[in-house]
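Below, chain A partners chain B and then partners chain C, in two separate complexes.
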Partner chain A sequence: MATNSNHNLRRQMLKVAHSLGLFFAMMVLCVPGLWIVLNSFRPTVEIMAKPPVWIPNELNFDHYRAMFGGIGEGGVPVLTYFANSLVISVTSTVIAILIGMAGGYAFARYKFKFKGGIFVGLMVTRAVPGVALSLPLFILFARVGIIDTHFGMIIAYVALNVPFTIWLIDGFFRQVPPELAEAAEIDGCTRWQAFWRVEFPVARSGIASAGIFAFLTSWNEYALASQLTRSTTSKTMPVGLLDFTSEFTLNWGGMCALAVLMIIPALILTFLVQKHLIAGLTFGGVKG
Partner chain B sequence: MAQVHLRNVVKKYGPLEVVHAINLDIADGEFVVLVGPSGCGKSTTLRMVAGLEAISGGDVQIGGRVVNDLPPRDRNISMVFQNYALYPHMTVRENLGFSLHIAKHSQADIDKAVNEAADILSLTPLLDRKPGALSGGQRQRVAMGRAIVRDPEVFLFDEPLSNLDAKLRTQMRVEIKKLHQKLGSTIIYVTHDQIEAMTLADRIVIMRDGHIEQVGTPLEVFENPINTFVATFIGSPPMNLLDGVVKDGQIEFADGTRLPVPPGYFTDEGQAITFGVRADNIMPVGHALPRGEHMAEVEMTVDLTEPLGTETLLFAVLAGTEVQAKMLNPRPVHRGERMTFQIMLDKCHLFDAETGDTQKK
Partner chain C sequence: MKRLKLPQWLVLLLPAIIILSAVVLIPLVLSLYSSFTSYRLTRPDSIFNWVGLFNYEKAITDAKFWAAFGRTVLLLTVALNLEMLLGLGIAIMVSKVTRGQRLLRTMMMFPMMFSPILVGFQFKFIFNDNVGLVNNALQSLGITDTAIPWLVDGNLAMFSIIFAEVWTSTSVFGILILAGLYAIPRDPLEAAKVDGCTALQSFRYVTLPFLMPFIYIAMAIRSLDVARAYDIVQIMTNGGPARRTELLWTLIGRTGYVDARMGYANAMGYISIFLAIFFTVYFFKKLTKSRQELGMGM
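Here is the complex of A and B:
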């Protein structure tokens, strides 16, 4: 009996320890985010207070109001930045996914010369940090005359994302048995139909996850964008955050408000696709 | 319904030739089984008929027309894959109707064909499930249903039963045979399991290393194997083979044991020969079939027994080689027991020891 209750006790303790561990991990992950949201709603005095005020005394929309207000009142062209970010991220993601699908499919299904070498080469491009590329890209883009344009940013982000989408999508197409496409071809499909009607829907979840990654990379990217965008015609939201800095002051509240606006679309997208991700990841057409 | 003809069909992967100019004629409505060990080219041959592999030489004809360069969809065939290859994102109903849907049939036609096929294979209660929610046997039936719905000229089966457990396999074997009797269509079926081949086929095609070794009805290849490969591949347990030399009109084995030459075979004095006898034709005295005309008796020590209920397999050593014998009306046999066995010589086979080919009669 004694050993039995001992084990019971130990199990209870482990459960508590487990919950505590999870709690701390989640805290480390969540507090910065929550802090940003909180700061966007409270007066600058409270943000700057030392020691920090943990429980806010007053919440208001002042920072948001100021941000959307006129230039003189601490306003920034939020909507333009948002539109820039959206156009650049969505376009570059769509292109990266299309190229990623073609490339990933080729790597997963076909044999060709230097396949391994090309694949490693693609991965190596990911090993170069984005900042290291910013100066060469700046010079190149300036010469070609695509600096401070949507087009330039889209090209840069496509190049950044394509190796990654190819690698991810290749993995997902590998999980789709080649017999599915063969069965579809026997059932009357052309090669093209077999891909779109069978292989694509089955690998859809993987392609969606590659899409999220590509979108978030472009949406959050700062290092390249800060060099390659100059004005409101192409500045993205991460770069727009810098508008809140001036020579002697940092408008933390305004920055947090813009950061919240940045987070919202990313969150919505992730939630939308997450459901799809889980639902799609059930393979059952072949043995298993 | 259609005939299928293979004329000198070759398959090469780069410089490597895996199927060597094979010829095969399959009659309308015939059930032909391609059988052989893995890597013998049987699946490749089937995939060339399906159009999933390009042929490197020769002609494939289906229903009288050469289909060498036609894509699979224009060959009017159906195929059942080893892993079933059901579309996981579609329900059973959509899986079954997919080919008709692609061919732009009316919804009414599709429903009719799907319901008919579902009825034949008792899939009706499963129509709205997805493949992921089906058991192995059910998936197998859906795969067959998908093939039936197309109403093709030729059915191709690529090891369709190898992912099922033994009991289900036996059951599905019977269903496939019934299906063939019902539809009367031409079937080409690939398997590595000789029991499947024997039970299903109108004709068996035994392949090895990209060559066709023998074509014949199950009984033909069982009773008259053309060489030692076919002799050991077809039949369970495999035929016992013993190497010996012809001496004084008898066969002498390495340890001096002698057996008469089976009736009907021509042999040369001093010729190296392989003597073949199936377990069914070597039985302990008193446990055998009624005495035939040509019998030989040998004494052997039993090493191991495998009781199968109606019969028991006995493992014993004859002339230095382990042989399997069969005991009808089984009784317990203990290890090391010495027994007298009868060999039915008129059921035995002789092969040339060098080539492995059957000795002329």
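Here is the complex of A and C:
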């Protein structure tokens, strides 16, 4: 009897420790971000207050009003930045996924010379940081005349995302048994039809997870964007954050408001697809 | 007339190869060439001034370069190991929860949604010695009454940067390890229980080997990211105070853009890229090996 109650006690303690640990971990992960959200609703006086004001007196929308107010009122053209970010990220994600599907399929289904070499070569392109690429790319793009255009940003981001999408999608197509597509071909499908009707549906959730990674990368990228965009015609939101800085001061409140605007779309997207994301990672990257 | 017929795999790979050559390869060749010249941004014609291996010799004998190199390796080691341990812990805790997993998973991925540059600003704000969250909290709780100079003291600044780096990327490990935990087959775990393994033993000998491929993938991805860390450090400390947090790429960025010595910066860049490639290849090898041990094949 004694051992039994001892056992129960230990189980209870473990359960409490588990909840506490989970609570603490989630707090550390979420508080820094939530603090930014909170500060976007506080007037600058309160942010800078000493001693600190922990509980805000009221919800204050000044920073949002200033931000959306346009250039004349000390605002920043955030809606234009938002639209630029959205167009550039969505287009480059779609293109990167299409190219990734073609490339991943080639790696998964064909045997050819230098396969390993080409694969490593693709991955190595990811070792080059944006800072190193930005100047030569700037010179190149200036020659071609696509500096400060959506088009230039889109092709830069497609190149940034293609290696990773190929890698993930390759793993997914390997999961689909080749016999499945062969059977479809015997039943009279062309290879193209067999791909869309049989292999694509099976690999769909992996492709979705590659898409999220590509979208988040483009949505958040800064080093390249800061060099390749010059004006409101193509500036994205991460570059827009710098509009809130001047040489000696930082407009924290305004910056927080723009940060909230940046996070919301990413948050919605991730919440919607996180289940696919995990399924995708399980089969795509590892078993490949 | 005979039509030129390319093999199918090449046709499929062609778009990827074309776009990567245009956006990555050509700029790389350009900067590789300029690393053998005395190219300065202020004097564009200096790009034709061939100096051979001079820039590389200078980089190899430059103490500042090796200091930045060492710091990057330090950040890589500390951050990757911490992220791995914390990610493993969080993933295990989340996988044991029976209700509300969807919400917990989204919370777990919350930091992943932050742009690196935003993370930089965020932690510059949080560790601000005057109005930052950390000092405010410490002072309100009465733990200290002086303002701790988080970003002004060299050692504390490095700590703050590691904290920011770990905060953003523990999720990457967490999510990959969680994916691994979901995929573990039940049979070996039950067999271990029947054979009388304790929880710790079955974790050590059944769960962990199964998770290793997932951990190595996260390591490979993250080692590339940390080796080219730039945005966060650039915003938080700009390599200061007195170069105490200078990493490879902040040093290279400063040499190239601020001092305008692009040729020299590119030479250092090439050495750094080899560091990144070394780590990636190392983790990929480990990954392949642990896959084979599990009989997953390649």
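List of remarks:
What we mean here is this: the second predicted complex is superposed on the first by the 269 of 288 C-alpha atoms of A that agree within 3 Å, B and C clash if a C-alpha of one lies under 4 Å from a C-alpha of the other, contacts with A are read in each partner's own complex, and residues count from 1 in each chain.
Keep this in mind: contacts are C-beta pairs under 8 Å (C-beta built on N, C-alpha and C of every residue); 3 or more make two chains touch, one makes a residue touch a chain.
Computed from a prediction, not measured in an experiment: that's the story for all the values here.
Look at A:52: by the touch rule set out above, it reaches chain C but stays clear of chain B.
In the superposition on chain A, A:273 contacts neither chain B nor chain C.
Looking at the shared chain after the overlay, A:259 reaches chain C, while chain B stays out of its contact range.
The larger set of touched chain A residues comes from C, when the choice is between chain B and chain C.
By the touch criterion defined above, A:94 lies against neither chain B nor chain C after alignment on the C-alpha atoms of chain A. Contact with neither chain B nor chain C is seen for A:66 once the two complexes are overlaid on the shared chain.
Within the superposed three-chain model, A:83 lies out of touch with both chain B and chain C [touch as defined at top].
Legend: residue contacts after superposition of the two complexes on their common chain; A:29 is shown touching chain C, with no touch to chain B.
Comparing the two interfaces of chain A, the one with chain B and the one with chain C have residues 282-283, 285-287 in common. Residues of chain B that touch chain A in their complex: 50-52, 71-73, 77-79, 81-89, 98-99, 102-103, 130-134, 136, 139, 146, 150, 163. Remark: chain A residues 177, 179-180, 182-191, 193, 197-198, 201-202, 204, 282-287 touch chain B in the complex. Residues of chain C that touch chain A in their complex: 7-10, 12-13, 15-16, 19-20, 22-28, 30-31, 86, 89-90, 93-94, 96-97, 102, 104-118, 121-123, 125-126, 130-131, 133, 136, 139-140, 167, 170-171, 175-176, 178-180, 182-183, 213-214, 217, 224, 227-228, 230-231, 249, 252-253, 256-257, 262, 266, 269, 273, 276-277, 280-281, 284, 291, 296, 298. Interface residues of chain A, counted against chain C in their complex, comprise 18, 21-22, 25-26, 28-30, 32-33, 35-36, 39, 47-52, 54, 98-100, 102-103, 105-106, 110, 112, 118, 120, 122-133, 135-137, 139-140, 155-156, 158-160, 162-163, 166, 216, 219-223, 237-238, 241, 250, 252, 255, 259, 262-263, 266-267, 270-271, 274-275, 277-279, 281-283, 285-288.
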